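Here the chain labels run A, B, C, D, E and F in written order, and each chain numbers its own residues starting at 1.
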Amino acid sequence: MSSVSTDKRVMLTIVTESVIENALLADLDRLGARGYTVTDARGRGSRGVRDANWDEAANIRVEVICGRSLAETLLAHLQERYYANYAMVACLHEVEVLRPEKF
Amino acid sequence: MSSVSTDKRVMLTIVTESVIENALLADLDRLGARGYTVTDARGRGSRGVRDANWDEAANIRVEVICGRSLAETLLAHLQERYYANYAMVACLHEVEVLRPEKF
Amino acid sequence: MSSVSTDKRVMLTIVTESVIENALLADLDRLGARGYTVTDARGRGSRGVRDANWDEAANIRVEVICGRSLAETLLAHLQERYYANYAMVACLHEVEVLRPEKF
Amino acid sequence: MIDVVVLFFLLGLLAGLARSELKLPPQLYDSLSLVLLLAIGLKGGEGLAQQPLLPLLPQFGAVILLGIAQTLLAYAVLRRRFARADAAATAAHYGSVSVATFAVGVNWLNARAIDFEPQLPIFLAIMEVPPIVLGILLARGIRAGTNWRRLGHEAFFGKGVVLLLGGMAIGWSAGPVGLAPIKPLFFDLFKGALAIFLLEMGLIVARQAVELRRQGLFLVGFGVLMPVVSAALGIGCGVALGLSPGGVTLLATLAASASYIAVPATMRLAVPEANPALSLAAVLGVTFPFNILAGIPFYHWLAARFAGGAP
Amino acid sequence: MIDVVVLFFLLGLLAGLARSELKLPPQLYDSLSLVLLLAIGLKGGEGLAQQPLLPLLPQFGAVILLGIAQTLLAYAVLRRRFARADAAATAAHYGSVSVATFAVGVNWLNARAIDFEPQLPIFLAIMEVPPIVLGILLARGIRAGTNWRRLGHEAFFGKGVVLLLGGMAIGWSAGPVGLAPIKPLFFDLFKGALAIFLLEMGLIVARQAVELRRQGLFLVGFGVLMPVVSAALGIGCGVALGLSPGGVTLLATLAASASYIAVPATMRLAVPEANPALSLAAVLGVTFPFNILAGIPFYHWLAARFAGGAP
Amino acid sequence: MIDVVVLFFLLGLLAGLARSELKLPPQLYDSLSLVLLLAIGLKGGEGLAQQPLLPLLPQFGAVILLGIAQTLLAYAVLRRRFARADAAATAAHYGSVSVATFAVGVNWLNARAIDFEPQLPIFLAIMEVPPIVLGILLARGIRAGTNWRRLGHEAFFGKGVVLLLGGMAIGWSAGPVGLAPIKPLFFDLFKGALAIFLLEMGLIVARQAVELRRQGLFLVGFGVLMPVVSAALGIGCGVALGLSPGGVTLLATLAASASYIAVPATMRLAVPEANPALSLAAVLGVTFPFNILAGIPFYHWLAARFAGGAP
């Protein structure tokens, strides 16, 4: 048994082109995410190497902690709006948080 | 069945203001964490947008792999010492590691 | 029940010295990873403080989403090839993805 | 002889093609481009302070039309081969302008002590945006989906436009005396900064080699012919406006140049179905090197013939 | 006429208020502030090499008292409206000093060929820390919780103090001849570097607009009146110390200036319950622009009257 | 008197030892090293343009042998105390060369108006790689495991070599007239850039203190004696090649210097079982400061005796 009482939430991780940072974060906002964390990244995937050597080829990595249903809404939105045309990967996993009302 | 034998540990992820980096890492040390990883980040949460455009508004993202009981000790400490006054979010999830004695 | 249909994959997270970035990514490639994401990091572990203040002391954080068996192959390779001589930590956790055929 | 700044471009290009480990810190590249944009603006503003502005208004109209004509022409050619989105996005790149190419042109003229009108940097600023808008219209029509307000804001308050016009405003109000204390940084270092900037451009251009090979000859041909035709339009326009030979050369260079910063970023958002690798391969892999290696001297040769200066 | 470096500040401010995409690489900002701090230190050290140091000691005591008086005054005023922690933290900002404001003051005097004493940069270095300590005491009393050793270390070996005093030591031991080879970077580029630095400051100030509107008139009034009163104290102190008009102006500028780098960082750790947005809105949103746009000329006008130089 | 750039090194060293918060943005360090490498190359290339290149070929052979002799010597000494991998990796550091040390040597000679041959920067470029190859062979023999192609590519197209040789090629083909416009950045700012670079080097050296204390006296002694012996070899080689006193001094400096950029990175990959902390503690903690504080003047004193110039 836990000594601190944690609650379950979901962490949604998105890796995508940094050129859409503003648009993506505005979407997360609009769909109800209470917060997010962004780091600069580089990588490789089906759309080739994105080595962040210049702006066009830079990635960002976005994390959102939220409830499962919001995470699935966000994921569905990403799939519909971005998957076809942008380098993007997203995945979910469960996390334990304190202050669950925050997410 | 696994072909490599892994063990369960917990990954504690903390996102907070970079101004407290030194103090936070010293606390992790003191409470017994054997290691940590830090990346620079930006984000949004209940304390507003922290866009890393200058030092005061930059975040860090800290990860600690450790046993569950240490993770809960750390989490309790964060809650008590930092949650009230600093922009901070923390969460836990289980991970599998090789060399469990390392963490 | 899920409103979007996700599949299980594994996320392998590696933290290591940035001096081996090219070699490590070439290995991931060769062993069959379809993609990866890299961020710059710093940290502390059994090989001391790596504060990224200059190239020799910088870390990278690599994430690979893939099937469990590939993840275990990769992990075994890391253990055999790098663990003895390089600052390195690696761990696995399960994630849910859309488009499982991509990973 | 080749200008020294162009030698830096060639060094970057060779290093990139040889897959050297050479990399520039991205923040250095950003810092240099900031200095170059401000310096171009300051210089232009300093010149403008010495003449009335009102007579320039018709010139602004003319160069906007020049950019629009180029965009339509490029679209018509590209549409024969590419999907609508790709043709429109690439056409917008060619209708718009490139600061780096402009800076190399300025440097080329300076090295030969050839004067040009101070309003040329304004042309650079105002020629950037209209082809973007037209490109989006060509790709999508006037659909509900486009957030014109956001696009407009991003275009008009983008980094390049703000630094150029801001630099001009500062140069205009400070005048030569006021600018003197900051000249050591913005003017004396201009060519050195441009040299390092072009070193990085060489590395960036080298990365386009693979994509270019995949796309084949059509794109290479387009990347060479489009700037030549555009330069001809630019020369016509410049002569019609009564510019000096240096001014005509620079307007031709602007016309011939193709954007690889503002346009790709905006198009990626507004026309996501267009393949950015295609446009960049043409612009960076062919047109940019062509312009700075062969185009500028050629445009000057033409300009001198038609505008009546000594070549 | 407005100095050209201040025009860059205004450009940044306007770009920020118009929500332009303009951003400077944070590493450029850090690099520029390093160059500015070293340059100020080198220049001061070069001057000090030509005079005995011992007679300066009482001056150091006087300017430390000046900073402490300002901190107490600011606390007394702010406590009427704000919680103890907020009042104390903000007071520490105002008791301490701002390198950027100092640099603009230096630039202002240089542009008018007005001399000032070489020890002024030392004042800048030693006035930074005492108000921080006092601010912590005002907020928390002498409690067990404060790690004074760590705070002391962070204050005395902080980046700003090390670069200023280190630069002075180098300038002092190298002298004018020794410094000659590095003058092209540290002295000739000073104003250009300051210009770009102030461009970023304008962007940073613009971000305070929202918070400022939320806080209302009290904070705006405090942000304007506090520096004026501080400058008056500084002028009194400078005249009493027998400084030249330029020196008095610069000491008044130091007094009027409020810290936005060292103090916020230290206070965030030592007095976490204070709201950093409050202090920064006042310091950056009001006092910094007030000082560089209107304050410095006004302080010089006052200084010239009381210290007897021509305004 | 100590050169001003060395004072910056000492400032960084003291700040680091006092655990100051002072940090330089890593991108500033990278940018400065890019400028320094290009400047050294440009200067050398400019000089080479005025002489035939063919007679230099035997000199290149000689300095390669010099580096190989040093590597073997260092290996023989280190093997008495350390494991094979550690001895071989450290020996490679000492056989190879350090750009920063070379730049301080150039600066030292310039400050005293002592000329040196323009091919010295070529020596710098070609002395970097052979000791790396030899070090790997000493550590591992000619085993299947080594990816020689990749290593070779990383060595020959590494950042340092490309910038140095690229700069030389540009300087060579542009000549003094062509280089004039970029001199304000690459030549006038050289010493200021070197000063800031050495400030960071001081901070880096300070970080080696802990490791050095752990390793003890053997490593300190090696770190001092090895460069002195190497410098003696370098002086012999330089005199035999008929270089001027300045050239002999600089070749001795090259020989005495030990790599801390290219070699550690390559060895980390090729000889992973070697402990990088060991080599870096010796190279950075002892040899680099020894060379720039005491070595260079001493090597010049020796060079002047043997090559016949006035000390």
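Just so we're on the same page, a contact is a pair of C-beta atoms (placed from the backbone, for glycine too) under 8 Å apart; a residue touches a chain by one contact, two chains touch by 3 or more.
In this text the structure is predicted, and so the values were computed from the model without any measurement.
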Shortest contact path, subunit B to subunit D, counted in steps: 2
Chain copies touching (subunit E, subunit F) - same or different residues, decided at half shared: different
Geometric centre distance via CA averages, subunit E-subunit D, whole Å: 41
Distance from subunit F to subunit A - Cα centre to Cα centre, in angstrom: 46
Where subunit B and subunit E are represented by their mean Cα positions, the distance between them in whole Å: 35
Of all residues in subunit D, the ones touching two or more other chains: 23, 25-27, 184, 189
Residue list for subunit A, restricted to those that touch at least two other chains: 39-40, 93
Chains grouped in pairs wherever the two touch, ordered by label: A-B, A-C, A-D, B-C, B-E, C-F, D-E, D-F, E-F
Subunit F-facing residues of subunit E, complex: 25-27, 30-31, 34-35, 38, 153-154, 157-159, 162-163, 166, 169-170, 173-174, 178-179, 181-186, 189
Interfacial residue positions of subunit E with respect to subunit B in the complex: 23, 26, 29, 203-204, 207, 261, 264-265, 268-269, 272-273, 276, 280
Contact set on subunit A toward subunit C in their complex: 13, 15, 39-46, 59, 61, 69, 72-73, 75-76, 79, 83, 89-93
Parts of subunit B lying in touch with subunit C, wherever the complex brings them together: 2-4, 6, 9, 11, 25, 29, 34-40, 65, 93-99, 102
Complex interface listing, subunit B residues touching subunit E: 17, 19-20, 23, 52-56, 82, 84-86
